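For reference, chains read A, B, C, D, E and F in written order, and residue numbers begin at 1 within each chain.
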Amino acid sequence: MRPSDRTPEQLRAVTLETGVNRYAEGSCLVTFGHTKVLCLASVEDKVPGWMRNTGQGWVTAEYGMLPRATHTRGRREAAAGKQSGRTQEIQRLIGRSLRAVVDLKALGERQVVIDCDVIQADGGTRTASITGAWVAMATALGHLVSEGVLKTNPILDQVAAVSCGVFENEPVLDLDYEEDSNAEADSNYVLTGSGTIVEIQATGEKRGFSRAEFDRLFQLAEIGCAELFVKQKAALEAALKA
Amino acid sequence: MRPSDRTPEQLRAVTLETGVNRYAEGSCLVTFGHTKVLCLASVEDKVPGWMRNTGQGWVTAEYGMLPRATHTRGRREAAAGKQSGRTQEIQRLIGRSLRAVVDLKALGERQVVIDCDVIQADGGTRTASITGAWVAMATALGHLVSEGVLKTNPILDQVAAVSCGVFENEPVLDLDYEEDSNAEADSNYVLTGSGTIVEIQATGEKRGFSRAEFDRLFQLAEIGCAELFVKQKAALEAALKA
Amino acid sequence: MRPSDRTPEQLRAVTLETGVNRYAEGSCLVTFGHTKVLCLASVEDKVPGWMRNTGQGWVTAEYGMLPRATHTRGRREAAAGKQSGRTQEIQRLIGRSLRAVVDLKALGERQVVIDCDVIQADGGTRTASITGAWVAMATALGHLVSEGVLKTNPILDQVAAVSCGVFENEPVLDLDYEEDSNAEADSNYVLTGSGTIVEIQATGEKRGFSRAEFDRLFQLAEIGCAELFVKQKAALEAALKA
Amino acid sequence: MRPSDRTPEQLRAVTLETGVNRYAEGSCLVTFGHTKVLCLASVEDKVPGWMRNTGQGWVTAEYGMLPRATHTRGRREAAAGKQSGRTQEIQRLIGRSLRAVVDLKALGERQVVIDCDVIQADGGTRTASITGAWVAMATALGHLVSEGVLKTNPILDQVAAVSCGVFENEPVLDLDYEEDSNAEADSNYVLTGSGTIVEIQATGEKRGFSRAEFDRLFQLAEIGCAELFVKQKAALEAALKA
Amino acid sequence: MRPSDRTPEQLRAVTLETGVNRYAEGSCLVTFGHTKVLCLASVEDKVPGWMRNTGQGWVTAEYGMLPRATHTRGRREAAAGKQSGRTQEIQRLIGRSLRAVVDLKALGERQVVIDCDVIQADGGTRTASITGAWVAMATALGHLVSEGVLKTNPILDQVAAVSCGVFENEPVLDLDYEEDSNAEADSNYVLTGSGTIVEIQATGEKRGFSRAEFDRLFQLAEIGCAELFVKQKAALEAALKA
Amino acid sequence: MRPSDRTPEQLRAVTLETGVNRYAEGSCLVTFGHTKVLCLASVEDKVPGWMRNTGQGWVTAEYGMLPRATHTRGRREAAAGKQSGRTQEIQRLIGRSLRAVVDLKALGERQVVIDCDVIQADGGTRTASITGAWVAMATALGHLVSEGVLKTNPILDQVAAVSCGVFENEPVLDLDYEEDSNAEADSNYVLTGSGTIVEIQATGEKRGFSRAEFDRLFQLAEIGCAELFVKQKAALEAALKA
């Protein structure tokens, strides 16, 4: 049995609350159980220097964790004077995942900056970030469409992410911290609403894992993302009505 | 009339919610109108190097603002590679204010680290931080007392803070961002429950201000802090019961 | 009695020597007893990027302390790779204080950069810096007027600063290091020649302080600044004649 | 047809030259076509601070690219003052991959530091690094065994890595730069000699990719790694004889 | 006798291999015995900001050492976040030495960036770098002439460098690491093909040295550079034919 | 004729004023014409980590230039976040020069830190720094001897430095800024009182220079240093009597 009493195919309670910041063009507070990430989308009218005069836009993401989001307090990255390798790895993944479902030409010379700040961490912060960030971004761009700023919506598809792992030799969906820190293998899947794969990251932690295990992990990811797509749609609809 | 329709002596709606983080030893989400700061107190069993073997403890604070806490997105300090002068000034003030009401000997060789992270900003983030940080710290230390780790409570007094300013030539209490960015003078007061002054910072923004104006600003601060002390007591009581 | 045998209302010996650097547009070596700060004003024909094409000028300040300005050698900030929070706090204060008495429009698109470098420290370096910086800046701008570069003098008023504190429970003027490091309360006052307040910073060090104590500290600051304004005028006059 | 005239299942010419540095405990210059990486293993008698007194050892890796390893000169990271997110991501991957096949207890309180420096880049530098790094590490540890410093060889298995991608809609093995920069999907596989998976990283570049494509990419990786394992064995044998 | 069995006037085996990088406009792998430095010349079509619109070009150099180029592994400068004082000193010297023999006007608004990366170090890395860098630079500029991009060759002369030192009280040519780390005096000479001096750096290590010793060291440097000029010419000729 | 009307063999007016800082163990304000450097020696009871328990001491130096020490204001290194290559090169030279005349064993496990801060610059700041630093250091160590802390004086000899250059094709002694910035060759000589050479740095600026020119420059340096040794002795004597 899992420490959280879930079945292997069961997600934690997932919520996607929109309208949580009065300034950002799109916002979503995503929770996966005790994991809580604030995702804010800012639309800026200029693009990075290397992209100017290309007629295209850009989507980028930054990720951070509050120092006491975790069991023991971590060092504040701003005080340390740099972002850790882990932070950079995660924010690059979030940006890549979102760009995979955006038509950068339709966006025009605009930049969407997504800030994913982890308020509380209990495993799966990067996949929760991607899932919530899509809602924040789609809200912001949806508003630009309804305001007539954009003629066509640059959002091509949904994108969501979930982690899966081998815990006590059984593949399970959506690891919490207790499972994650003891898993034999850990993996993250970023999938689109139309069923294609955007990113797979799978790592053997204590031992290598087998192809059969991988296939089951992938199957669990598909189950999890199917649920997340439904929740994203509902959240976006609510946000655009508000 | 003030942009927010308040009287000169009126605070914004202030809330102090405790128990908002499952890991921190003490926590308080403080709001002053649209300003929202998450204050978390972490108790660590070691003190900074320069303090070892003195038998005393230490209280320190770090302050940060989420990039999109403000109207337009600011640069993430972790990405910029350093904390701004403003950030450092504020976190030094928070630390000083809290240490003024703590008996560092009674604390023993422990460090309390307070993280004040601004989730949303609408003026007065440093004074809200101090007010909320005291609740988080007092909660954490109150628990150490009830657990028997500390024999006497190191908390000597309450401390709260509020800003006042001269807006359209009238002294008013608790400036929001609209007032703050147009004020003739801006000031912050850190006062204790027993009526002493811990810190005054008063600055002429567009012009110097007069002694008479200062006296009125100080009077408003006393009115505001009196309300805050009542709210702090209620919040702490609720937190320690929980 | 004070360690320096002064009365509570007595400044240390204060000198303001001008013409101490052959390149700077204005210069002043200010001493308050053993505290010695070299204040140099540089006039540059361009303003910071965010200010271009506004028709206005800017005044900014940088502060530094030579490593062995103090009893025990401190770390060189250039070697440490960053300015301390204290340094940034002080240089922001100096810049704000000077801008309070300058008409930035009359200055035109020029920047005055003030460098305050502490050659020797014995308490009160930030207030000495402000006092000397005004002389350096006024010298530089006075020359621009007499050279016909500026039509009207952008200097609107004098500004000077002094520290006061509660030492052995008695409010005293112009703390030296020995008093400063043992004071119950420490405060800095930045006042203009016409009697308005530019900045007050008052901090309880060992204990909170009372309103009555604050009122006496403020009175002492007025006494001290009155003397400083006379000395500034004489120094400026001498500098402009030279 | 591929730009390099290879079949989809064909690796570039791969060489693993050992004994290429006179100081390092193990060394391997690995080439995959025009990609050339110098992998050096240094054995140190102390472990990172957080690992002291655990009786275990550690394996870590650093990665760098000479500024003109690429078509146009890149900025030197030492001059820029920091390692890019990409660099950190890669060196974390190399370290993780090597640790997956080392018994850290058998290593004792020693650290193996692997330096992978890219002398010339033509795609696949991270997978070449892992493949060569294993040879360098196994050489160093093999020597420690034959010198009697270690009783048992901490190397548990071989580990090698290869990239595969979808280029012009066909899955191909071992992308060179021309393919890599135009691929629809790009992926890296780190596999062990005994057939388990250590790491999979698969990314859709221009579009998401399908599960069928992924399965073929994985199959190609197994074909490629089988060849690499043979070459690693031969190179290690030669190195230990020398 | 010298540890390497050389006579006092004898260089180590010196090789200058060109064509060692497929992207750089000029390249040379220089070896002095076990010292091995990769020198790559990159030609860029823009100059540093302070030089724009002057009609002149610029030559600059960067220097680095692979972490395990030495007996014990050194810290990677990119990971440390800055270049050491020694590195900066050396790269400034290389740049100055090369500029001494280049007509910057004839170069036009172009920049030649020389990267000298030490693959293996056994003393004399800075002098080997200068010697090899000249070959790389001259190759790159020779190609620009033969391609008709430049009308006249900006190379005015050859430049080469060698170290000499006082080892066991005898002046010797071209110190290796064993000699260098025990020398009484160490010196570097940068000379031109036409016999002028570009740079002398001579340092007493364990003791001051005499004028007579200096004169002998200088004589040895002239002997060494004469050999190096012959080898440079041959290497350049080969490179331009290729 | 030289711009300053000096003969080729003539130093600028040189003064060495001691007792200029009330905290430093040794101090010397050195001027060479308009060049003014404050040299302070601090004696610390601990040595750098890599030197602990060797029974030896260490001498090190730091160099800085006030931002407006020069004609146009330079950037403050502490604000820039790093020391320039030039600064590091100079402070390494000063440290090396002083260590050449100190018996580090006789010093015991103590460190002398020399701070050379340029108050005003008109050429020759590094050589003035060395010349003044010796006085500051010798004062500090002389006091330790007279206080009985040290049994033997670790100072083995005097060390002084001067620059020489080829200006308008004539070798001249002690370049000021006007000469320095137009010189054909520039060189610095660090010599000991007993006539040995500690360091020579000679650089062709606009052209290579000849051996004959070098010989004359060296001769001028000997003339200059002879004068400096006399002045150093007098300054030290005065300082130790005070």
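We take it that a residue touches a chain if its C-beta (ideal position, glycine included) is under 8 Å from a C-beta of that chain, and two chains touch if they have at least 3 such contacts.
Predicted, not measured: the structure shown is a model, and the values here were computed from it.
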Chains touching both subunit C and subunit E: F
Identified repeat of the D-E interface (over half of residue pairs identical), from E-F, C-F or B-C: C-F
Where subunit C and subunit D are represented by their mean Cα positions, the distance between them in whole Å: 59
Mean-CA-position distance for subunit D and subunit A (Å): 29
Whole-Å gap separating subunit D and subunit F, where each centre is the average of the chain's CA atoms: 51
Subunit C: positions in contact with at least two other chains: 81-82
Successive chains along the ring, subunit C then subunit F then the rest: C, F, E, D, A, B
Subunit E - residues contacting subunit D, complex: 21-24, 34, 38, 40, 42, 44, 62, 64, 66-73, 76-83, 87, 113, 115, 117, 119-120
List of subunit F residues in touch with subunit E within their complex: 82, 85-86, 88-89, 91-92, 96, 100, 157, 187, 191-192, 194-204, 207-211, 214, 218
